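Some notes on the structure that comes next.
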Amino acid sequence: MTKTSDKHVGLSAAQEAEIQELREARSTTRRATVSALEEVLYDPIPVLDHGFVRVIDYMGDDSAIVQAARVSYGKGTKHTRGDAGLIGYLMRHRHTTPFEMCEIKFHVKLPIFVARQWIRHRTANVNEYSARYSVLDKEFYIPAPEHLAAQSTANRQGRGGVLEGEEAARVLDLLRQDAELCYEHYEEMLNEREDGSTVREGRAGLARELARMNLPLNIYTQWYWKCDLHNLLHFVALRADPHAQYEIRAYADAILKVLHLWVPIATAAFVNQVMEGASLSGPALRVVRQMIAGQAPTQEESGMSKREWDELMQALGRDA
Amino acid sequence: MTKTSDKHVGLSAAQEAEIQELREARSTTRRATVSALEEVLYDPIPVLDHGFVRVIDYMGDDSAIVQAARVSYGKGTKHTRGDAGLIGYLMRHRHTTPFEMCEIKFHVKLPIFVARQWIRHRTANVNEYSARYSVLDKEFYIPAPEHLAAQSTANRQGRGGVLEGEEAARVLDLLRQDAELCYEHYEEMLNEREDGSTVREGRAGLARELARMNLPLNIYTQWYWKCDLHNLLHFVALRADPHAQYEIRAYADAILKVLHLWVPIATAAFVNQVMEGASLSGPALRVVRQMIAGQAPTQEESGMSKREWDELMQALGRDA
Amino acid sequence: MTKTSDKHVGLSAAQEAEIQELREARSTTRRATVSALEEVLYDPIPVLDHGFVRVIDYMGDDSAIVQAARVSYGKGTKHTRGDAGLIGYLMRHRHTTPFEMCEIKFHVKLPIFVARQWIRHRTANVNEYSARYSVLDKEFYIPAPEHLAAQSTANRQGRGGVLEGEEAARVLDLLRQDAELCYEHYEEMLNEREDGSTVREGRAGLARELARMNLPLNIYTQWYWKCDLHNLLHFVALRADPHAQYEIRAYADAILKVLHLWVPIATAAFVNQVMEGASLSGPALRVVRQMIAGQAPTQEESGMSKREWDELMQALGRDA
Amino acid sequence: MTKTSDKHVGLSAAQEAEIQELREARSTTRRATVSALEEVLYDPIPVLDHGFVRVIDYMGDDSAIVQAARVSYGKGTKHTRGDAGLIGYLMRHRHTTPFEMCEIKFHVKLPIFVARQWIRHRTANVNEYSARYSVLDKEFYIPAPEHLAAQSTANRQGRGGVLEGEEAARVLDLLRQDAELCYEHYEEMLNEREDGSTVREGRAGLARELARMNLPLNIYTQWYWKCDLHNLLHFVALRADPHAQYEIRAYADAILKVLHLWVPIATAAFVNQVMEGASLSGPALRVVRQMIAGQAPTQEESGMSKREWDELMQALGRDA
């Protein structure tokens, strides 16, 4: 994880200056403090070509989870297992409320089509840059060649192989040209350029809230986004999953790295239990029991669909 | 409110057929039923140039609000005031939980930039058409000439006068041309046209989840959206407000009409109390008291800012 | 499931009359209607000694889940698998939003200590009988002898064997006597008896909101409670679980029966996937793979705690 | 606000020791820090006879609200008004999302009947002391004589004058005796005293989750409770209101004091706008306009109910 802010990362000069100032400020606090996270506080972690994630503030640490869980146990509790044991137990048994006692706030820069997936996570707080008030920056997401995936033919939601040669070149040309053209017309309709200058004297300029509708979905927006740890882990579980679109997965991966710095015990338990684990249905458990007993159950006998069967075999490392 | 579905309204042929079938089906139910709402069930109410709102399902009526409120009063209650009196009291005193006992589900077709404002209302349920799975229809919002507003110079968020003449014509040309061009390139990148035909043999086609990023924010999407009455009234209060962008206001106005059919007593109380009412601060109340007493308080003496003072004078019908 | 209302079930005469009236009313609707659920609409299902659950209203059915899921797939979808296949897929992959499109409203009578567990489910709407306004009925939960469990010595949260003989008799006596005494003093403080008569002329009577604090946690309260299907399934998963306290499990079991009537396909998928399934961690999956390969992994080698290991062996039907 | 922890405040010795330790720890942080709040961090603020509120952690300050609001304005904003002006504007126009960017966590000790009102605020996180796991402390709320209110005869929800003389004495005796008796029987059923000793050898003891049902609603519980600033202000608006029950108002008042330390600008705007303000309906605004114009509108002409009219006259300082 880089710790140096980077002009390529899509920060404005004003934001760079603000970050510098905040990084240098120090206060004394009685609050729970996580030094590994303090190290990267305010620093943008680059994601995609112009995006970033940076931590703006946080509340609580692994101990806050333990502390909240132990409220339930009261005075009579014998603290026989350590924090890791207790947190693992909570994670395994979906005792989720103690994880809600930690909170984190990010500043994120992301393409609008990613923002539209992200915002579906409702138990969070968000303040987004408003294109009703302000002119959007001229920054568009253009995939790196290795992420220029073809439509999967097997899976209607998925990606197939990577586009190559002329087809890839054409796609990149189209994305760049259309973004360029739409933004130029955005400025013309506004009658105002990105640098604040007027396009043509004597024109009124279309309202910002209208002109923005000409911009494509790969333009970058930014927001402050605040979430508790339980809901953030749920976000990561869904969005760092192989079924998630690559572009949001890149953000989820960056957040997962932040989680390892912030709450290392909870994050380890989460990776162990959720990211690397699997949920087995009743019929799937019966199949597993039969296989352990040396039997050779078949999909037909199992009562499972072909698709569910294949998923189980994959979880058991028995991909056809 | 139109009751006839309309081919200009942006429904596919399959959707038209489904609506027709549902409209003709009848069941017997013991549930609370609102005949005025049944009349328009499933019918699209046109909004903007290709959008609509239509009611898909609902639960409860004005009586359900009363019933829930009266749980609190128990056996000893004298039912001295009627339903309208009780609902008015609940609305006035922000006793909001009884309004949560009613629920409604809409099917909405709307431009993406409107969808991005709408989705900020988090206490609701939504399933949106996925451009990862499916090719989006070629339908874009192009403002009617009378809604082609200039940027306000007084208010950074607002609209000024309407663009006219050559400037208006140019804006409409740009919006139409760019939408046309971006969609054509969307099809080319997908290597698949809206009608399902292949653009060029021998190409793989870019993944749908990537190609869609070339589409502008005025393309239409659609979703099922379900909300309880309390949160829906809050939506209408914010989005049918003169400060809301015209395009989402058009949807909020359509929903307000539906509300009058569904829960006429609650809606009348809401319009009376919230839409036509105003919140006065402590200092504003003091100014009002002085004015009633025949005094002539000034902004300077009031402790109110110029802006707050102006807002108060406007609420009192004393606009400068 | 009983379909006849029953005076022992804890309904007041006024509630009985209202139910009778509602049961007889019939309306014609275009909405999705579930005849098996209509059969039991308004009928109290007895739970514990004086409690009940009854369905007051509902919205949607299994088809509403499918309809919402298919919005995502758009026009190009081949409907190759049936509703059950699609719902099973959604359940297995935790695609939870389509389940939110169904909504149900219950009237529940329950002891306060159960209500305190229940209310922790936040994504729901509730209106409770208010002891600030009304005098609470003289009804207390007294466990049936077979539910008079001893404290578990193995598990600090759990129950052990059933109390018997003199100890059981003494517990029941204490619970009955204290409830009786506290209620009598509640009436005395209020200076008002359950039947509305005055206890002693010339006294003012303590405010209801204060007098109720003398009542024990096993007194019954009642509420209207409305929830979407996704959150209701989560409620059932946690509260019909063997780790849940018996008294709330009795309510969750009654709700599960209602679910089988209302949304039989979704409920079957839920029971299959969640109730009868298990979540395996990464290390647990490795152990399973080793066992299938005929190896005999040990807890020590597995990286799992003793407790996690035991839970896994139990899920695999290998309890020590 | 007291800064000294106090043995009468209902803290256990272990909690006292933990507070002392936390109070002495100091860390360096780059996060926004509020020194006035740091002063009282971890200190219990006494409420009622054995309850308290203490701040355990917090995130953000007044500047965090401003920072979030200004994301919307982007690079082109002229920062012409100061933080107080902006926060006042946000509060007045119900732009609530920036207030969600601040978060605070409390440890609260409170009677169960107060906890039951408090928990109705759903947008918060909570971990409560579990009486399934642990034996509850022998602490009950007994009102101070000046809060021993009679039932209001005018208002079914409210309190009238204070009980006096023999009636007051009898109420206090009953509350104390019943609490004492119920707790004694709780210990007997558990077969375990508050100090951990066994009541009678050879008995199994009733499960904790069952025995607790004998305890009255004025027994104290405790929890960790975390909430964002927007929802906390809503809590205070409802619970510090004169219509709220005195006992929860005492907690809301304590929290309001904390808010003045933590976010003084936002709290001043809130008091000004919400606590000291009033919402006027459309008809009420018309009446105010007529009164300012020197007319003498009557309730009959106004279209307002008697009750709404009286509330308006009270807001205008014209109580009959």
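Order of writing sets the labels: A, B, C and D. Residues in every chain begin at 1.
The working rule: a residue touches a chain if its C-beta (ideal position, glycine included) is under 8 Å from a C-beta of that chain, and two chains touch if they have at least 3 such contacts.
Please read these numbers as outputs of a predicted model, since none were measured by experiment.
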**Prompt:** Is the contact between chain A and chain B built from the same residue numbers on each copy (over half shared) or from different ones (under half shared)?
**Reply:** same
**Item:** Pair exhibiting more inter-chain C-beta contacts, A-C or A-D
**Value:** A-D
**Angle (degrees, nearest 5) of the CA superposition of chain B onto chain D** = 180
**Message:** How many angstrom lie between the centres of chain A and chain D, each centre taken as the mean Cα position?
**Reply:** 35
**Prompt:** Which integer distance in Å separates the CA centroid of chain A from that of chain B?
**Reply:** 29
**Fill in**
Residues of chain D that touch at least two other chains are 73, 76-77, 97, 120, 126, 130, 133, 156
**Prompt:** Which of the residues in chain D end up touching chain A in this complex?
**Reply:** 12, 14, 22-23, 25-33, 38, 41-42, 57-60, 64, 67-69, 71-77, 97-98, 100-101, 103, 105, 125-130, 133-135, 196, 222-224, 226, 228
**Fill in**
So, in the complex, the side of chain A touching chain C is made of residues 73, 76-77, 85, 88-89, 92-94, 97, 120, 156, 238, 243, 271-273, 275-285, 288-289, 291-292, 294, 305, 307-308, 311, 315-317
**Request:** In the complex, go through chain C and note every residue touching chain D.
**Result:** 111-113, 115-116, 119-120, 122-123, 126, 130, 132-133, 141, 143, 148-152, 156-161, 163, 167, 170-171, 174-175, 178, 181-182, 185, 188-190, 203-210, 212-218, 245
